[in-house]
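These are the structures, in structure tokens.
Each of the next two complexes has chain A plus one other chain: chain B in the first, chain C in the second.
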Partner chain A sequence: MAIEIPKNLDGLPTSQRRFVGRRVRRREDPALLTGRTEFLDDIKLPRMLHCAVLRSPFPRARIESLDVTAAEALPGVEAVVTGEDARRWSHPAASSPDGWGGHCLAGDEVRLVGEPVAAVAAQSRAAAEDALEAIEIEYEPLDPIVDPFEAMKPESPLVDEAKGTNKMLDRVFTWGDVDAAFDAAPHVFRESFRWNRVGANPTETFGAICEWDPMSLELTVRGSIQSASHFGLGRAAVFGLPSNKVNVIATPHGGSFGGRGGTRCTDVACLLSRKAEGRPVKWIEDRMEYLTAGGSQAWDRHYEVELAVDADAKVTGLRVKLVDDLGANGEPYGAICAAKPLAAFTGPYAIPVAAYDLKLVATNKLPSSPYRGMGPPPHFFVLEQMMDIAARSLAIDPAEFRRKNFIPKDAFPYTIPSGNEYDSGDYEQVLDRALELADYAGLRRQQAEARAAGRLFGVGVASAIEPGVFDWNAYAIVGLPGTGVPEGATVNIDILGMISVRVGFAMEGQGQYTLVSQLAADYFGCELEAVRVVPMDTQSAPPSFGPGGSRLGVAITGAVLGACEKIRGKMTRVVAGLMQTEPENIVFRDGKFGIPGVEGASMSVAEVAGTMLARSDLLPPDIDPRPEATHVWTAAGRTEPDAQGRAKSYLTAAQSVHVVAVEIDPETGQTEILRYAVVDDCGTRLNPVVVQGQLEGSVAQGIGAALYEEYVYDDDAQPLTTTYMDYLIPTVNEIPELLRDEVVTPSPFTPLGAKGCGEGAIHTTPAAVLCAINDALAPLGARAREVPATPNRVWNWIQEAGDGNQTPQGEGSNG
Partner chain B sequence: MKPAPFEYEAPSSVEEALRLLADPAIETSLLAGGQSLVPALNMRLARPERLVDLGRIEGLDAIRDENGALCIGAMATKRSIERSALVAQKQPLLHEATGHIAHPQIRNRGTLGGSMAHADPAAEYPAVAVALDAEFRVIGPSGERRIAAADFFVTYLTTALAEDEILLEVTFPERPAGEGVGFAEICRRHGDFAMAGAAATARLEAGRYQDARIVLFGVDATPVRALSQEERLRGEVPSEALHAEVAAAIGAGLEEPPGDQHASPEFRRQLARTVSKRALEAAVARAAKA
Partner chain C sequence: MSPTRIPVRLRVNGRPAEGLAEPRTSLVDFLRDELDLTGTHVGCEHGVCGLCTVRVDGVAVRGCLMLAVQADGAEILTVEGLASPDGKLHPLQEAFAEEHGLQCGFCTPGFLMALHELIDDEPNPSEEQIRDVLGGQLCRCTGYAGILRAVQSAFAKLGASPSTESGA
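And now, the complex of A and B:
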């Protein structure tokens, strides 16, 4: 039976929509707020051991000797593993790009500070940490590879000798006749930029409890795991197990933001469990482990960018050169962050041609992980600064310059040069609302007064695209195979009409269980509380990827509504039989099956379910009597990438405009945010209160990246930001109150017209804040080309401008 | 992140604490609010064999007026100091500085004595103690002694306290009438340790500086008193130009400001100028215009 998933809110079978699209409080919150949610560290299994990991203090060194006998002999110690065990019992991990993975414990050489070299399972974590001190290890330190530009030189030592190069990838992608566009352009602007390492910082660090069953040779991993099914496949490959013998039970997470890497130490705990004859081993990553060697770091980028602009102030070409320092291996899949900009390479602008010169480089730093936004935020930071450089040079208001270059609203669906297709939008309307909300004209007047008084007051206007509903094909250029990312849900109605929805992902904090409940409740016309959402382990769940890539809201909507439709179809047949008519005559609405115009011909969902399960005598022949259905949703119309990486990848393109006003203290280099306005269009808002939460959190993270957060290494590749005293996440004191508004252009391609919005404002915020800073600094001739714009950096830029030491502004002569 | 094994004692008297501390056979640390010591234990940077918790000793957290001077017990928490009307009235500089220390959660546990004994170069209290000529009452095996603030802070994380001594109380002498105080610090975020800060006092007579004091923190291993500039201010009419000159001289006079990922030595020198000027201006603005 063909099913039809409603394309907009009016398509739901209800005359009074009570939940979907309304501000519904999150069902997850009462347990979270009262401390009743059971996180991984709350779980205690019988005979469970605790693990501690010995880590390399050197970024690059040879291990001369390693002796664990004294540690093994300590009271309470049940097992110790080293690189030898890893090589005997496991394979190197998969990676992106392919072949840049390793064993979970170092062999003869360590490649980063914090790399695991040995581990202990003991009766308590304290005993395990004590035992680490009894391990004897000698290193011969080697000169570390720190700078990616040095690393690319042929004479550089190698992070991994076997690879023969430090370049994980070195390719130029050309989309259209870029050279011709630049040759013809009367204006070409060039600039270089630096984005320093930032990354995810969930409240809960990573953790896992691993249980190796020596009898059945099955592995069970409980953990705060973001994509459980993929994590399970990865473990099966590492341990050479059939995929159906690895079961992953994802526990609720205290946030993620992409930082739930943790594979190496999970594998270490698996080895320990195997050595300890199957006793469960718990590994909890502490905060220093997370910051130095966990999934914490992303986006370590050096950019050179060129923008071609014609005589009408239309941008006609974009060239981006990126050197991305990925650290010591490709295991955490940080490389996909360099590929994802293909999904929105030219941002909200109608730029006809573009080129991407991409170099992924290995150094002796922590491997780069995904982080909220997955790579476009730095890309938009540079694109938006280029837009301002051009506007300033051409003496055009930055808002008007953007308006002039926006993709017009009648041009959708719109294919960008890098191949992706944007679904819908009305960028001018979003801009207009943002300018009005921020009182842009008033801000410019304030600025004129401030400047007259010698104060550094700046206004930034920035716009960006949030690609939503990720697809594997977006990452083909860094070696990920496949097109389409399935997400499944099983909806079950019991004999009394109560609804359960089984899903394949754990609670992560973004309200997806609430969304599932909203959908099922409005579909079947019941209360929110009548719907139970049940997370399943990977051996029982329908195909699922879970949260990530701004996809789950859209994908799970498709899955739940698809399953609901299937149940409706089945129940319609049952009801038609009972009412002695054809299924076409039965209408389902507001929780009731009936025949329009026939008084009394009406049955509730509970009555139908009860009939199906308790009155087989009344059912049509050949019907499966179970009021249950599974639907696996996957985005339609995705395409195989061509040789230049072009594909229809991300299904939706949300857009936003941020307007920010700042004042800079020239004595201290401090930036104060005076006003922050956001208008965004993410299509249908399935739960506006959840969208608001995502937006506010992502603005905060964007401000962190713009002004505060940075993982710092010294010249010897030693990490300096190993605690929250040095890695500075903005707090409520540093985040301004937002002025917010929205524009809604539903997606024509998705269930209910929703677009991905989970990563949100981090795409736009760093760009907008830096646009404002550059605007404030403009009268001094000082320029901000690096994030975070720390007080020290801003002060340096001001000093350099005063000394006349800055290289001249970016317009190059052409030809 | 678990500490190395240690023994724990919580004596109920200073005498007992002294006796535990004096035992040469076992390396002992005093525990106050634990806001600096416990992280160091967890990272195994500090590994004493025994902790002696001062938290059960009665009376060590008293805040009292003694003939006009303000005496604060070593175990008084920052929160209790922040909320004390007596402190606000008698020692406004100490009151103001307290609000800049970390966050309420940390001020709820962290103590005056802990901050003084820990002697972090970027901490507020040591600079305030120097600015206010505080006196430290300490007790050891051979009895009590008093140490002037100017002599208490020796270098980075090091004080004049001997290993077997306990800080009991800090006395802040009564402030002269008409004095104004000022405090300024520059942090990356609200509540962080300052990149640079300054505490100042000023008194005016007939529109001229009668005396002034400026003490910086975060710019050297210990609080830095700007003696020559204090001298220079005496008898001068406060003005923006004067304050800018004094601030510039203070910045230039710093020996070797530390550098880290938040602030280079040059930038710290610059911030030292800014906070000196701001603290001084605030002090003058509040001084009685007699």
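And now, the complex of A and C:
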């Protein structure tokens, strides 16, 4: 029986939709608000030990000697592990690109500050940390590899001698006749940009509790893990265990945003548990460990970009050269952030051809991790600055220049040069609403007055695409094989009509359990409270990837509705049998099965479930008597990547326009955001209050990246931002009030027409803020080409412009 | 080498409590590990993020910057003490739920405890006073918008009769 999942809200079998698409209060909140939600570090297991990790203080050094005997002898210490144990009992981790993974504890050489060298399991964390002091270790420091351009030179020392190069990837992707487009273009604009390292910083750091059962050779890992199933497969490979002997229990996450990696210390805790005869070992990353050596850092990028524009002000080509400093290995999969721009390379614009010269480079810094947006936010920062450079040079209003180049609304589904297909959109309408909401004309008048008074007032208009519902094929160019990412749900109805939905992911903050309840309650015509959402471990859960790549809202909607449809089909046959009619005559609506026009021929879901469970003798003989079904949803129509990496990858393309007004204090370089307006289109909003929350949070992270946040290393590859006094997370006082509006063009490809929207505004915010800063600085001839645009940087740009030290920008000659 | 453990006696959420603490043990570790009150979370352990905020003799304090032994004899209020024993949420908690003032919820107990002090100290706070308190707490999910709405809603509902007593 084919399962038909409703393509829009009217397709739900209810006359009065009460939950889906409405602002529903989250069911997760009461436990969170009262401190009752059990996070990882709240768990205490019998005989549990605590782990502390000794880390390298050097970015590059040889380990001359390592002696742990004094530590092992200390009271309370139960096990100590070193690189020798890691080599005996585990394999190097998987990585992207392939072959750039290592063992969880260093061997003869350390490659970054913070690399685990040894670890202790003891009765308490304090005792374990005390024992680290007793470990004797001697290093011979080596010259670190810091600068990716130096690292690419043949004479450079190597981060990993065995690799023979520091270039993890060096390829040019060409989509269409790019050279011809640039040769023919009357205007070519060129510029360089720098995006410094930023990162996720969930308020809960990472951690794990690991139990190695020495009798059954089974491994159990509890952790605040984003994709439990994927994490479990990784651990099975590292420890050479059959995949059905690794069970991962994901605990609720105190935020994630992609930066929740830390496989090395999880594996260290597994080794310690093995050495401690299977006692559970808890590892909790502290904040300094997170900032120096966790999944904290992303996107360390050097860009050179060229834009070709024809005589009619249409953009005809885009060339992007990216040198991405990935740090010391590829284990955290930061490389996929350089691949994801393929899903939206040309943004919201109808640019016919493009090229991507991509170099991933190894240095002795922390390996780069994913972070919300996964790579497109820096890409759109540079693309949107280029759009403004072109508009300014051609004396066209930046909003109108964008309008002129938008993909028109009747062109969807639209395939971009890098291969992905956008589902739907109405970019002009989004732009118009944003300009109106922000009072763009009024802002330009204010700007004219401010400029006349010698003040630095700027307006930025930026637009970007948020690719939604990721697929592995998007990352083929950095070595990830495969297509298809499943999400499953098992819906079960008990003998009293109460509903349980079993899922394979932990709470993370996006209200997914509320969404599951909304869907099941509207489908079966019951109250939210009649639905219970039950997270399962990886050995019990339906197939699941969990949150990531702006996918889970769409994917779990497909899974839950698919399972509901299967139960409806089964119950329809049961009811038809009981009512002695054909299934075609049975209609299900508002929680009741009946025969239209036949008085009294009606059964509630609870009555049908009760009959199925209690009186299987009354059912048609081939019916499974359980009112239960599992559905696994996977995005349809994803394609194998071609040799240039082109594929239908991300299923949806949400779009937004942000309009920002800023004023810069020329004396201090401080940027103040005076107005911030957002209009976005992410299709059907399944719980609008949650969508709004994702947007608001993502703007704040984008402002952090644009103005404040930066991981700084000194010239010797020592990290300088190791506390929250150095790495500046925005507080309430850095975030402006948002003006918001929305446009809804439902996706034709997804359940209920929803588009992925969890990563959201960070795709656009850094671009928009920097557009505004550049607009403010334009009268001085100063240019912002680097983020974060800290007061010190902005002040320097102003001084350099005053000294005439900034080279002329913009249009270059052809060729 | 085994460190001395010192008895600490105090009152938590209206009830007597006691445990043993090494001199170096922070108040938040003592609450979490010794008294099993795990509703108070740890975010940075260097006094910036505010996640571990609890009230000590009425004052909002960072539990990572105070030693457990310093709290001997003190009256402590934690997030576990805000709701009524019958499960009714404190108006502040209610407002956070109503206005989507939390996402992952990990930072929320710290926000609640910092704001709980403000409710007692200033029944009608200015926006500046509210921002001054919130400015000491980090949240990575909400962008603070929902939190601001929640605080405004809570103060509007509490009106001129602030709760000086917790559910404890």
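Here is the rule we use: the second predicted complex is superposed on the first by the 814 of 815 C-alpha atoms of A that agree within 3 Å, B and C clash if a C-alpha of one lies under 4 Å from a C-alpha of the other, contacts with A are read in each partner's own complex, and residues count from 1 in each chain.
The rule we apply is simple: contacts are C-beta pairs under 8 Å (C-beta built on N, C-alpha and C of every residue); 3 or more make two chains touch, one makes a residue touch a chain.
If you're wondering where the values come from, they're calculated on a predicted model, not measured in any experiment.
Of the two partner chains, chain B is the only one that A:Thr721 touches; chain C does not reach it.
In the superposition on chain A, contact of A:Asp286 is made with both chain B and chain C.
In the superposed model, A:Glu466 makes contact with neither chain B nor chain C. Of the two partner chains placed by superposition, only chain B is touched by A:Pro791; chain C is not. More residues of chain A are in touch with C than with the other of chain B and chain C.
By the document's definition of touching, of the two partners only chain C reaches A:Arg36; chain B does not.
With both structures placed on the common chain, the touch criterion links A:Tyr708 to chain B but leaves chain C unconnected. In the superposition on chain A, A:Thr668 makes contact with chain B only, while chain C stays out of contact range. In the superposition on chain A, contact of A:Ala126 is made with both chain B and chain C.
Applying the stated contact rule after C-alpha superposition, one finds that A:Asn201 touches chain C and leaves chain B untouched.
Shared contact residues on chain A (touching chain B in one structure, chain C in the other): 126, 130, 286-288, 723, 725, 731, 733. Touching chain B in their complex are the following residues of chain A: 125-126, 129-130, 133, 286-288, 667-670, 708, 710, 712, 720-721, 723, 725-726, 728, 730-731, 733-734, 790-792, 795-796. Of all residues in chain A, only 25-26, 28-30, 32-39, 41-42, 44, 74-76, 126, 130, 200-205, 252-257, 286-288, 507-511, 689-690, 692-693, 696-701, 723-725, 729, 731-733, 735, 737-738 touch chain C in the complex they form. Residue ranges on chain C touching chain A, taken from their complex, read 1-3, 22, 24-25, 32, 36-46, 48-49, 51, 78-80, 82-83, 89, 93, 96-98, 100, 102-109, 112, 131, 134-148. Residue ranges of chain B in contact with chain A, taken from their complex: 1-5, 39, 43-44, 186, 188-193, 195, 260-264, 267, 270-271, 273-274.
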